[in-house]
Each structure stands twice: as structure tokens, then as C-alpha cells.
């Protein structure tokens, strides 16, 4: 099973450029159509399950707006 | 010809083209870049020379070379770029060749900002480059004046073989106003001026143009020739505009944008019954010395207003010689004054009392403490 | 019973980069380059001894985005200013960050001479094939045929000359120790760019002389393309003219173990 | 007689063009006019504004602190310029883009749902023309006919197919008449 | 027996493009050789009437006194920019700059790189004598490692003062440059080859093929503190190994020219 991950986007600094949307290998990032931030941009957000926490979105993000987390397998943790 | 709504920078570019501009060399810098962009399209379209140089240093030296051929040539820049051009400016002055330069001033010193300013007055009027030289400095207050003065600049530069600067600013460069453009002049062929470097073509002895006079007596003669020519220019080429001065008790002196802002304030003051007028120098070099001197003998006070720390103020003080009190008001560093600020200065001055013993710059700085802090 | 999910942080904002919004346009790779520089500064623990030299151009305000000391140079003069700083404070880490107008046009003399002197500084050179700040005019790096606001029918090499391949040119100088070109158009290239920045910075730290990393970058606003299309344009048009690669690696740099 | 109008909105809302169009109309009708934009480093987004001064004599200052009219196309513009309108002056607000009513009582205010009206016409790019229509209905320095003529004269030929939409937008906006100052 | 009148043919005479005056150069200075070669090629190509020279700042600042065609004097390092201005206004004239290594390789680095990358249709004569002659022998960008000058009294220390610039090699990397070669003036054979290169450079311009530059390794006996003859040997022994003579960029169109 692929690792599970998630991202947090700092919406106030996101400019909705869409590079992370394009780069995401799992195609699980979208620009939020329903809201705009203080600067008038639709910020990026995780739309679906399937994030693996690979970090590629953060690598391409020009704003350093994304923090990436990956779940640590609980089984390993317990050992 | 019908009036056209044009941006100041583009209007200057088109006016230069119509005045027979043969070659343009420049470098992008805000807020004059539209001028370069316009000519990057327009000059090649007409088969004329356009080069975007690698720097202002290179641009002005390309201009230097082109001017040596006797061709109509121009460059444009904004304050920091103009500082880089000072090398070529001094060399061209010493070589006594005609050149037109447009300075769309912005806030300084240093990199400053891109907002309008008039802080390059001293650089263009009182030197900038090294050595003893003078240059004609024209200060437009509108897009139409920018157009008219561009054409005039070429004529004056050639008449006196002298550097001619159009000292504009970011607001005049960026604003759009209706203007009437001059007729298209045909491009002249190769210059037949007796000094121009055009290759001998087997027709004459070889020539050279340079700014080097290693024999000090030759250098002195050159300096004196340049200064004598300047006296002629002072006698013939002073230009200015007067508003409501006939019966004025108080006079404002301001050039370019500052003069425009003052005009609005003067009208408001007149509506209130205060007898104030405006003298707007068009040439700040040569400066309207006689006009200011006469004014100082018939008004109760003069207010100098500029978008710098009082650079023209020093010239006015030297001319007024204590004939009447001189006051000063300025916003600077890229801040443009609103008319109401000048109006309150008029109120203050009309109320009095005024003294010839007060240092106007120092008094202004004291008043500014309340505005800026 | 739900077990608490344990997470590791895969990526977070570098410490050397301030947590503020930049003035750059959406999708501008200045942001990526800033981040990479900050990440390397973090990794190498350089934050407290770093002095940056900003240039004139869009990145003129870079000092607002980094949590390190900064000065701003006159247009094109960053390598000269960095020389002054480095000669006075030789144990500090000094880098310049310059665009193509700044470095390859007005500042050509300064960069050539800093490189030939083997000045012990690091240079981040952003090549986006136009002048961004002033609104998209032709730069020395503008490609043949490329339309800009001052080459409106496309750069005509007959009238306006050819683009300069700065890395190749500087590589001819004996004083240059590490001169490479990388690109920022996709995650793989961004990773490689970061490695190059690391090597450049190590070059300086070990006193091995002049280092420069040229980074091919996008300018979506002035190119009139979306950020995503800009990346594609970079890959399709810029990379063929400006091949990625190592143009000068001094043997002493090649031997470094990082 | 001089009128000073500030047009302000997000980049892309057409504030600068609305100002230019009024300038063209003024020029074509023999008036003096000055159009001056705020200008800054290149960047997408952000706000853009311009000041247009129309007069029958030589225009002095191209900027004024207290304009006789403001067209506020979004909330930041309303916040910035509402306090500056000259007493008795005019404030045209794009009510589609703000979440509050103006608070001044000494000026005339017209709330125009310009985005909705533009979409009703069938092209959301007509927002600025709707607001220009409202401006001129309340500040009759230029007529609807003058604006239509200016559009014909100065809109690039490739956009001429949009002329009828522009005319309709001007008319839609003109229906929003501000109440007199109490 | 009547003596036969001796008939002579002129094997060599002073070129016409060179004014018949005494120069201010030091004895043995190869500026004189370079001037002569330029003048000879101008004569051969019949270019004197349409030639405009751009003098630099440095010892050759007064070269306009020695050349019988039109001349201007540029600011330090800016000769390529000034030549650009002239050439763009008068494209059918022949425009050359003549610059030393301080002028071209130091203060004028940006101007020469950009004139070359623009493929500006001018010709450049670049005199490399590994020091600043005019101001009295200071270190130049071309001063060799270890070479003593008045501003590198202990010898050029590359750690502190950097490395010399090989200008021809560097400019050859630019797409706009059409003809970039290095020659030397230290003996008759090399001087002949230098002249050929100058001819090729000038032909490049006349045929509209773009930017051409001939770098000429030269001597400075006065500042080097050597006799002229020893200077020639020093050039050969020390400069040529660092600055190899050769063709660094010859555009195919230039290579195809028949002269």
C-alpha cells in the first residue's frame, strides 16, 4: 500500500499559480474555486484522497507555501 | 492636425521621429521605458537606427559616436541611468556636438523609487559630469509641451552644438493628454557640417573629433569658447510661462510638474481673492534671470516650489538678492504635492509676516517635521 | 480504538526564508530559487554568517524575504559590491543574486572580472530571457526570434545581435572555479539545481574561489503564458539554446566531498 | 469648470481603460483632459487606479487629494477612496464586489451591481462600461452619445463587434441615479 | 664604358594612410608596427576615403595624429559603443576601433562583449601588451601570473589579484562574433601573419559579415624595463605560451572569403 500523506497550504501566501496542480503525480491538488485569499487568488488545496506525501508539490512551489506530511506506518512504530 | 491622446513618453518618441531622429540608443528603466519600446518598433519600421544598448554607459557612448557623424540622435533614461551617462555627457560637451537627452526623473538619490521627482535639477543645470560645461535644460509641464520641446531641443542642440536635456518626470512620462504632433520632417542625408566625422570620401582633408586637449592653453580656450557660447544662449533662448502675474502681490516659481500643481493652487487662491501668480520656467538652463529679478522688485514675496530639496531655490535666492522674502515648499523622494498643500502655503504667506532674513530651506524643513512624522 | 496517526514532516518552509508573501507574480521561479538558496543555507548552517547582495530587477526586494543580512547593489554591480564585502570580511559567506539584465548586460564587466579574479563569492544567476521588472524588454539572453516589448517582431539577430551564453563564456576564465547551468522547470531539475547551489556554496566555504549557478527561469507575466505553459516553453525553447551542464569545475571542486 | 474622477479596481477590471475612454470622449469634444495612472513594478493582480481630470481650460495638477467623483470597482477601492470624495461629490460603487454600504452622508452614492448587469448583457468584461454609464448619468460632463462615438473612434477595429454590447452596458449603468445629498 | 643607370623598384614604402609625422611612442614600441599594418591594409583595400577610426584612451589615444583619415576619440573602454553609434548612422563607411588591453579588457569589458554578441559590423584592433602603458606600467587584466608591474610590485598574485583574461578565447564563445584571432608582433614572420589577419578582419566588415577582432601581442619596452630587442624575446618566451597565437572564431562565411 502506498504511504499516506497530506499537505498544508499557507493560503495567505499562495498565489494560485497552479504549478503544484500540474506537478502532482497523484493529481490530487486543485485550486479552490469556491474561495479567494486576501490577494484575490484561488489557493491550492488537497482535493482527494491519494496524497502520498512525496513532496513534489513543495519542490515546485515558488512561494514555499506548502508543508508536506507523511504518515509513519503504525506497525513499525509499535515495534 | 487632429489632437491625439498620447502618453508623455510615447509622444516624445513620436515627436523625435517627426523631428528627423536618425538614431536612438537607450536602455530600459522605469518610468521612461515606453519611450524605448515605442522607438524599438517605430525606428526599424522607418529604416532608422535603434539599438538597445547593454547599459546606459554604452548607450550614451553610442550616442556620442552617432552625434559625431552630425546625425540627429537621442537617448532617454531616468535618474539612476542618467548618473551612469555622466561620462558621455561631459565628453560630448567637450567635443561640442549636438545631442538630445530625455531624463524622465524619478525619486532618488541612489536606486530610489520610480515615482516622479525633480531632484536631478542640479545634475543637469549645474554639472553632473566633470569639468566646466553648460547644457540647455528644457522642462515640459504637459504632454503637448513635451512634444514641442522635443522638436525645439534638436534645433537648439544643432544651433549651438550643445547637449540639450529635456528634464521631465515620471508623471509627465506616464500621463496621457491630448497633443498635436509636428509634421514629419524628412530624414536628412549624410551631414555636411564642417565638423562632422563622415569619412573624407576623397573630398576633403581628414578630420578628428575628441574631447582631449593635452595642451592646457587649448583646453582653456575651449572652456572659454564654451562659456561665451553659453552667454549667447542666455541672451537668446530663455523661455518661461506666466500666469496671473500682472497684478500679483505674491509669486510662485515652479517648473514642470511642480509648476502645474502650483497652477491649480493659484487658481483656488485667486477664487478666494488672494492676488497670487505663477512663473513657470520652461528653460531652467538658461534660467529666466531677468524675469525673476524684475518680479522680486514688484511682489511682496516669492514662494519657490519644487519636487526636490530646494535646488532651484538656490538659483532664485542668488537672483532675488534680498529684494523680497523668498519662501520654499517641496515634497520630494517621489512624493508629488497636492494642490491643497501649496494652497495652504499661499494662505500662510498671504497672512505674513515674511522676512528676508529667514533661511527658506531651514524654515521649510522645520514645517516638514510635522508633515512627515 | 483509533490509534493516533503519526506523521513525519516531509517538507517545510526553510528557516532562512522569512514567512512572508513575496511581490513576485504567480508561478515566478524567483520563489523557487529563493527557496533553494534558503534550504542550502539551512543545511549548511550558514544563516548567521551570510551576507546577500541583491541586484536591480524583480529580485531587488529579495532582502525582504530572507532572514539574513543584505545589501542592494547598483544595477549590475553586485559582484563588485560583494568583492568589497568579502575582502573586508573574508570569513563571512557572501552571495549575489542577479538577473540576466543585471548580470549579462549592464554588469558584464563586473561579472567577468569577479570571475577572472577568482573572487571567493557565489553567484546565483537567474536567466529568464527577458527584463522582468521593467515590463518584458529584450535581454542579452532573449532567444533569436523571441518577441519582447523592445523586440516586437521577434529578436532580429542581424540588428539586435545574438543571445549570450554566459556560463560558457565565463568558463573560459582561469579564475572561475565552478560555473554550471541548471533549470527550474520541473521537480527533477529543481533538485539538481539545489545540488549545484550546494556545491557552489561549498566552493566558497572551502576558499576555492568564484562559483556561479545559472538557473533557467520563467517569467509568465511578460511571456504572456500561464505558469504551467511557461515551464513547458522553458523546456522546449530555452534548454536547447542554453544546454544544462557543468561548464567549469575546478579539480579541487570536483574532489570536494559533501 | 473642472471635474476630477478616480477609477479604481483590481488589475483586469478595466479601471484604466474606463478612464481612457472618458479621456478620449473629452478630447474629441474639445475639452482639456489629463489621464494619469498609478504605476509600479510589473505584477499580475493587485489594484490599479487612474485619475482623469476634464476641464475647459489648461489643467494644473494632474492629481488631486479630493476628487469630485470616484468609481470604486472593489472593496479596497471603496475603503481607500470613500473618505476622499469632495463633499457633495459622487461615489459610484460596484456593489457586486463590496460587502458594505458607504458611510458618508455628504456625498451622492450610486450602488451599481455592475458584475451582474454585465453578465446579464452577456459579457462580464462590460463591468467597467456599466460603471461608466452610471458615472455619466450622475455627472453629466459627457453624454452617452459622446461615449459611443469615442468607442467607435478609439476601440481597435478588431473589437468593433463588441460595440453594441458596450452601448448597452452604458445604458444599463445609466439607470442607477444617486439620491441627492440629504 | 657608360655606366648603366640603376633602376630600382620600391619594395616597401610608408603607406599613404599613415600621416608623415613623428609619433610620441617610445623607441621600439609595437604600436608603430600595428599602426603601419592597419595603414597598409587600408591602402591596399582602398578604404582611406571611407574609413572612420575610433581611438581609445591609453598610449594610442593620439593615433588620430598619425592616421590620414577621419577619427574620433572615445571615452575609456567605450570605443566599441562609439563605433556602434557611427556605424549605425553611416553603415556604408568603414569603422574600426583600436584599443589597448586596459581599455578593452578592463573598463571596456561590457562594451566589447556586447559589440561582439550583437555582431556589430565593425573591426577591432586589440593591442595586448600585458600592462597599462600610458599611466606607467600598472597591472592590466592581461598581466601574466607572477609578472611585476607598478601595481603588482611582488608579481601578480593570482590568489589576490586573479588571473589574466584570454580575451580572444572568451569572445569566441559568442555567436555574434565572426572573426576572432590572435597574432603577435614579435618578429617579421608573425608581423606578416598579423597583417593578413587584419586584412581578413577588414574584409569581414566590408562584406557585411559582422564583428571582427584581431588581438595583437605587443611589447612595452619602457614599462617592462627591457630593451626593444629583449622585449621581443620576452614576448615570445612568456606571452605566447599563455596567449597562444591562433584563430579562435572564423565564421564559415569568413572562411569562404576569397581575398
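Read from first to last, the chains carry the letters A, B, C, D and E; within each, the first residue is number 1.
Simple rule for what comes next: a contact is a pair of C-beta atoms (placed from the backbone, for glycine too) under 8 Å apart; a residue touches a chain by one contact, two chains touch by 3 or more.
This structure is a prediction, so every number in the text was calculated from the model and none was measured.
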Those chains which touch chain E and also touch chain C | B
So which chain is the furthest away from chain B, centre to centre on CA atoms?
-> A
Once you count every C-beta pair in contact for both, which comes out on top, B-C or B-E?
-> B-E
Per the C-alpha means, the centres of chain A and chain D lie apart by a whole-Å value of 41
For chain A paired with chain C, centre-to-centre distance based on mean C-alpha positions, whole Å = 26
List the centre-to-centre spacing of chain A and chain B in whole Å, with centres computed as mean CA coordinates.
-> 55
Chain C: positions in contact with at least two other chains | 24-26, 105-106, 108, 133-135, 140, 160, 220
For chain E, residues that touch 2 or more chains besides their own = 110, 113-114, 118
Shared-interface residues of chain D (touching two or more other chains) are 41, 45
Counting only contacts in the complex, chain C reaches chain A at residues 3, 5-14, 17, 19-22, 24-32, 34-35, 38, 186-187, 190-191, 220, 226-228, 231
Chain B - residues contacting chain E, complex = 22-23, 25, 49, 51, 53-55, 57-59, 61-69, 71, 73, 87-88, 91, 190, 197-202, 206-212
Residue ranges of chain B touching chain D (in the complex, touch as defined) | 3, 5, 30-31, 114, 142, 170-171, 174-178, 257, 260-267, 336, 338-340
As the complex stands, chain A meets chain C at residues 5-6, 10, 12-13, 15-19, 21-23, 39, 41, 53-56, 58-64, 66-72, 74, 77
Which bits of chain C are touching chain E when the two form their complex?
-> 105-109, 112-113, 116-119, 140, 157-158, 160-165, 168-169, 172-175
